[in-house]
Amino acid sequence: MIADFLLQPVILFFLLGAIAALVRSDLAVPEAAAKTIALYLMMSIGLRGGIEVAETGMTPAMALAGGCGVALSLLLPLPAFGLLRQFGKLDQANAAAVAAHYGSVSVVTFAAGSEVLRAAGMAPAGFMVAVLALMETPAILIGLLLARRTGPDSLAPRGGLLHETLFNGSVVLLVGSFMIGVISGKSGFAPIAPLFDALFKGILCLFLLDMGLVAARRLMDRRALTWRTVSLGIVLPVINGSVGVILGLAVGLDAGSAAALGILAGSASYIAVPAVMRLALPQADPGLYLGMSLAVTFPFNIIVGIAYYRWVSMQLYPVFAS
Amino acid sequence: MIADFLLQPVILFFLLGAIAALVRSDLAVPEAAAKTIALYLMMSIGLRGGIEVAETGMTPAMALAGGCGVALSLLLPLPAFGLLRQFGKLDQANAAAVAAHYGSVSVVTFAAGSEVLRAAGMAPAGFMVAVLALMETPAILIGLLLARRTGPDSLAPRGGLLHETLFNGSVVLLVGSFMIGVISGKSGFAPIAPLFDALFKGILCLFLLDMGLVAARRLMDRRALTWRTVSLGIVLPVINGSVGVILGLAVGLDAGSAAALGILAGSASYIAVPAVMRLALPQADPGLYLGMSLAVTFPFNIIVGIAYYRWVSMQLYPVFAS
Amino acid sequence: MIADFLLQPVILFFLLGAIAALVRSDLAVPEAAAKTIALYLMMSIGLRGGIEVAETGMTPAMALAGGCGVALSLLLPLPAFGLLRQFGKLDQANAAAVAAHYGSVSVVTFAAGSEVLRAAGMAPAGFMVAVLALMETPAILIGLLLARRTGPDSLAPRGGLLHETLFNGSVVLLVGSFMIGVISGKSGFAPIAPLFDALFKGILCLFLLDMGLVAARRLMDRRALTWRTVSLGIVLPVINGSVGVILGLAVGLDAGSAAALGILAGSASYIAVPAVMRLALPQADPGLYLGMSLAVTFPFNIIVGIAYYRWVSMQLYPVFAS
Amino acid sequence: MTAMTTLRRIEILADEPLIPAIEQLAATAGIRNYTLLPTLGGVGQHGRWRDDQVSGATAKIMLLAITGDAKAQHLIDLLSPLLEPHGLLLLLSDVEVVRGAHFE
Amino acid sequence: MTAMTTLRRIEILADEPLIPAIEQLAATAGIRNYTLLPTLGGVGQHGRWRDDQVSGATAKIMLLAITGDAKAQHLIDLLSPLLEPHGLLLLLSDVEVVRGAHFE
Amino acid sequence: MTAMTTLRRIEILADEPLIPAIEQLAATAGIRNYTLLPTLGGVGQHGRWRDDQVSGATAKIMLLAITGDAKAQHLIDLLSPLLEPHGLLLLLSDVEVVRGAHFE
């Protein structure tokens, strides 16, 4: 089953990208294409989640899952910060920045994970997209508190970091698309489904080809990575993901949605959080936090993590359901 | 019904783009993607119009509609110029440049309008695409006459402005795709229909997201816009569009095609005309003419105008048909 | 039948691009879009070839065709070099560089040719994609030998040219996608088929529009082209393509696969080979080799060559089959 | 022969998310006009970067401003303490322009 | 030590549709070789622009030409009257090159 | 007033596939830091080029390096024999920077 999973084209294209980078091929996906595909993925994920919510209506499970998501995003950075300081030997600013990344989420990991769960008949609830959006930003605020940022010398925008955080392009697009899905519903979605539904997996292949290239090239430039930080890039998702699954099952989510909450908790941001950290914590090293999240945790989640969170959810579901 | 229309994803994505810009989000569609999508839209519109003409053959209505289109493109700038000078208080060069924009047409407004009409069972005739292409350029020539451009100091190309005007990329692509549609017909189109037909509305969503961002950002930079020019950005399309619908019905077009002629007459160019004006009338302010056409008239048409022209056509059709 | 072929949208868009360039229109496909589409085409060609091989399994014909491909790529540059020196009056470096281009292959010519053969019920075997990949690089090595390159003054990479040649992005992507197709098979391909299969011909139209622009613009800048080199840009594909077809039939390939081998042999590289030549033979003129392959041979093959190789294969197939 | 005026050319390479803040600093120094130029990648003491991010978090932009010496000095004074923490590159050189008054 | 020659570096920022006409003016001044560079946006006395147009009508391109002083002056004389109406930016500075003869 | 140091600005325009080799030459000359800038097209003695290739074989990139005079000379000496055969453009000029030590 794991083998089946690994032999899916979407994973194989990720590996192909990584191999191309490792053999120092000049293969490259144009930057504008990668950005456009990322926009497409967020629109598609948002729309499809919103349509499902339009079908099922608001449920208590939805509010519960949202609450869990916010709680995870706020709290997971705290133990992560401790581990990064003690075991990772990072200074305060770097530990805080990395912790924020691991409290937040990766949209593409969620997308790949959802496809895996769907293929296995464990499709997560549509509202998990809303949970994804909710989890993107609280971790950033905690990260900034942990850094106890003062800095009169900072270029941080006058409008305040809160604005940057809340209106980050990816957050706006995801939330907006979700709401468009809720408003327009299944019948409104039908005419645009050929783009936003039928092509999703194919386009994900193209994106993961690029992610493979990017992740492996970062790993090869691994100036900022030590064996300690690389280890934490694997330990943190395992811990956070397990906590996510268990919390999801504890509040009564179905096995697929709990697995999805685990995927979210276990994933690390590489879009919204780095953009804010460049402004707010310039002394933290992007080579470190992007190296950990993109070059270690993202591949780990794609190849092992997703399957693992799903397995945990399947094992524990009977325990909580009884 | 208007509400139904406004709740379509394609309109909602336009609003989402506008809101993102208004809250100063960093959301952005890469420039290369926007340009490529624009090419795609023109190819798709051209092909689908051409195929329909291949099916129905040449009809007298086609020649009539074409004649009306050229007449509108040549004549609508004249009253517009008067209004822009008198009420808008613009100087000669600026009034002439803006008038040319309103005599010419917007491809994306036509695309969105056609989808609306089709959804309402009022699909415009395929030859309206040819009318669209015919209307793009005559207004430019009138605009230059109105400006009584002399200027030995101009950088206008040696080949003459006529060349720039006639062989503008968007004109060539639209006319070429239309002719390819006519030549290859329905059976030739079938293998490429999954791209040029099935995906059309989805890709339009992506484009309108970008148009929302662009329009709202221009509105926020509104250095060049006054309450007078903003008002004219709404009044001109209402007048021109009404004239277009009535003329279409008067020469015997069906209600859908007449509404489409109204949409064309009421829309303002933001692709072909600005490119020529930068060369030919450098003293005219692009902040003004792009501000009016992109930031005022385009949103007005998308949100109100299209529905209005359709309503006029439905009301008056029985009058003319009898 | 030839007329039918020429009236296909994909050919008509190539002509449209060429006409737009000839009338000096400002029509342009953004560079990032062209690169992304090229990646897409290679992924799609690779995947679909691999899936077919997954269906049919490995056959002796496959090994034979691969052997023929490598032999052609290694040997065709030799007579080409002679012709280019004698008749073309080129110096050693230029003749060697051009010869390498004609020994190697054009992915897009293969793609267009495969569609033509498929439409005519002569679909080439899936393994021909592997042959395509095998033929890309051997010609480069022969070209460098023919140039008897020495040059201590060269910027050629320390890692050696072999690395550049073998791990060129297009080679890696084509081979990788082929292997992903073999591994994931028809069932793995199904979810991504809407992107990589259904859209293929439509996207090819967009790409050929750009190729038409590029080819005609190069022809108009034809500083480096003489009537001698233009003639060879037509003679070489005819000779090489005929040899390819005959060799294919001689080793027992079906008529469609032999025609495809002719298309490969008759086509000239404009992706992998130029990139290596810029490094390895800087004294050779890119205006010459890209002019010949892109502006002469590519259009010739699209408009005449493909139909000709197919015709040769159909005429001779009975001879060899008996 | 057209008369030329000598002014100062300032170039500032900065992370994309910092550009609005740098525009504000420039305005503080009285510099309102500028041009933004794209970049592809680079290597510095903070390591290698490449415009490979969906987020643009590690993409950099070059801001070019032509201005008089006093305003240039003012902007440089404002930016100096930020160069090290934010990994900025700041370049200054002489440039001649026509219509010097246009740049006041 | 490689010998260097000092020449003039001209940079002209102009709207994309104007570039062919500027190339023709440069040729009139005897300047045939140049390089085109992309830009992203900017602010000037005609307001803010951004490469946000499908039409490219408000996109700008930077033309860079290295040439001798006489030709540079000739081109500047030709361009001067056009700077204001077409909103061009023209910059001139010194630059050293190897193989000075290559640039005649 | 912030203290400035005068250094050398080297710009090298080269075909995209040559960039890694030029980076290696720069490292040989002791220059490790640089920035890469995109280009759109141009005309030179080898004719016209445009970034119209799927392969990028005729696309060019501009490498910008700020360095001291000695290292600049060293790199120029290394590059000089390659300029003609590889169609490179090499420009040298003066530039002032803050934190001169950062560029050693």
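By written order: A, B, C, D, E and F. Residues from 1 in each chain.
The rule is short, and it goes like this: a residue touches a chain if its C-beta (ideal position, glycine included) is under 8 Å from a C-beta of that chain, and two chains touch if they have at least 3 such contacts.
Just so we're on the same page, UniProt names per chain: A, B, C = Sodium-dependent bicarbonate transport family permease; D, E, F = Nitrogen regulatory protein P-II.
Keep in mind that what you see is a predicted model, and the values were worked out from it rather than measured.
Any chain bridging chain C and chain E, meaning touching each of them, is among B, F; the list is complete. Steps from chain C to chain F, taking the shortest chain of touch contacts, total 1. Relative to chain E, the chain whose mean Cα position lies farthest away is A. Ranked by separation of Cα centres from chain B, the top chain is F. For chain pairs D-E and A-D, the one joined by more C-beta pairs in contact is A-D. Between chain B and chain D, the centres computed from C-alpha atoms are 39 Å apart. Centre to centre, using the average C-alpha position, chain C and chain D are separated by 45 Å.
With each centre defined as the average position of its C-alpha atoms, the distance from chain E to chain F rounds to 19 Å. Of all residues in chain F, those that touch two or more other chains are 17, 37-38, 93. Taken residue by residue, chain B touches two or more other chains at 26, 30-33, 35, 164, 194, 199, 275, whereas all remaining positions touch fewer.
Under the contact rule defined at the top, the touching pairs of chains are A-B, A-C, A-D, B-C, B-E, C-F, D-E, D-F, E-F. Those residues of chain C that touch chain A in the shared complex are 30-33, 35-36, 39-40, 43, 47, 159, 163-164, 167-169, 172-173, 176-177, 180, 183-184, 188-189, 191-196, 199, 275. Only residues 1-2, 4, 9, 32-38, 61, 66, 93-99, 102 of chain E touch chain F when the two sit together in their complex. Residues of chain B touching chain A in their complex: 7-10, 12-13, 16, 19-20, 23-33, 194, 198-199, 201-203, 205-206, 209.
Against chain C, the residues of chain F that register as touching in their complex are 15, 17-18, 20-22, 24-25, 46-59, 81-82, 85-87.
Note for the complex: chain B touches chain E at residues 31, 34-35, 38, 153-158, 164, 170, 213-214, 217, 221, 223-224, 270-272, 274-279, 282-283, 285-287, 290.
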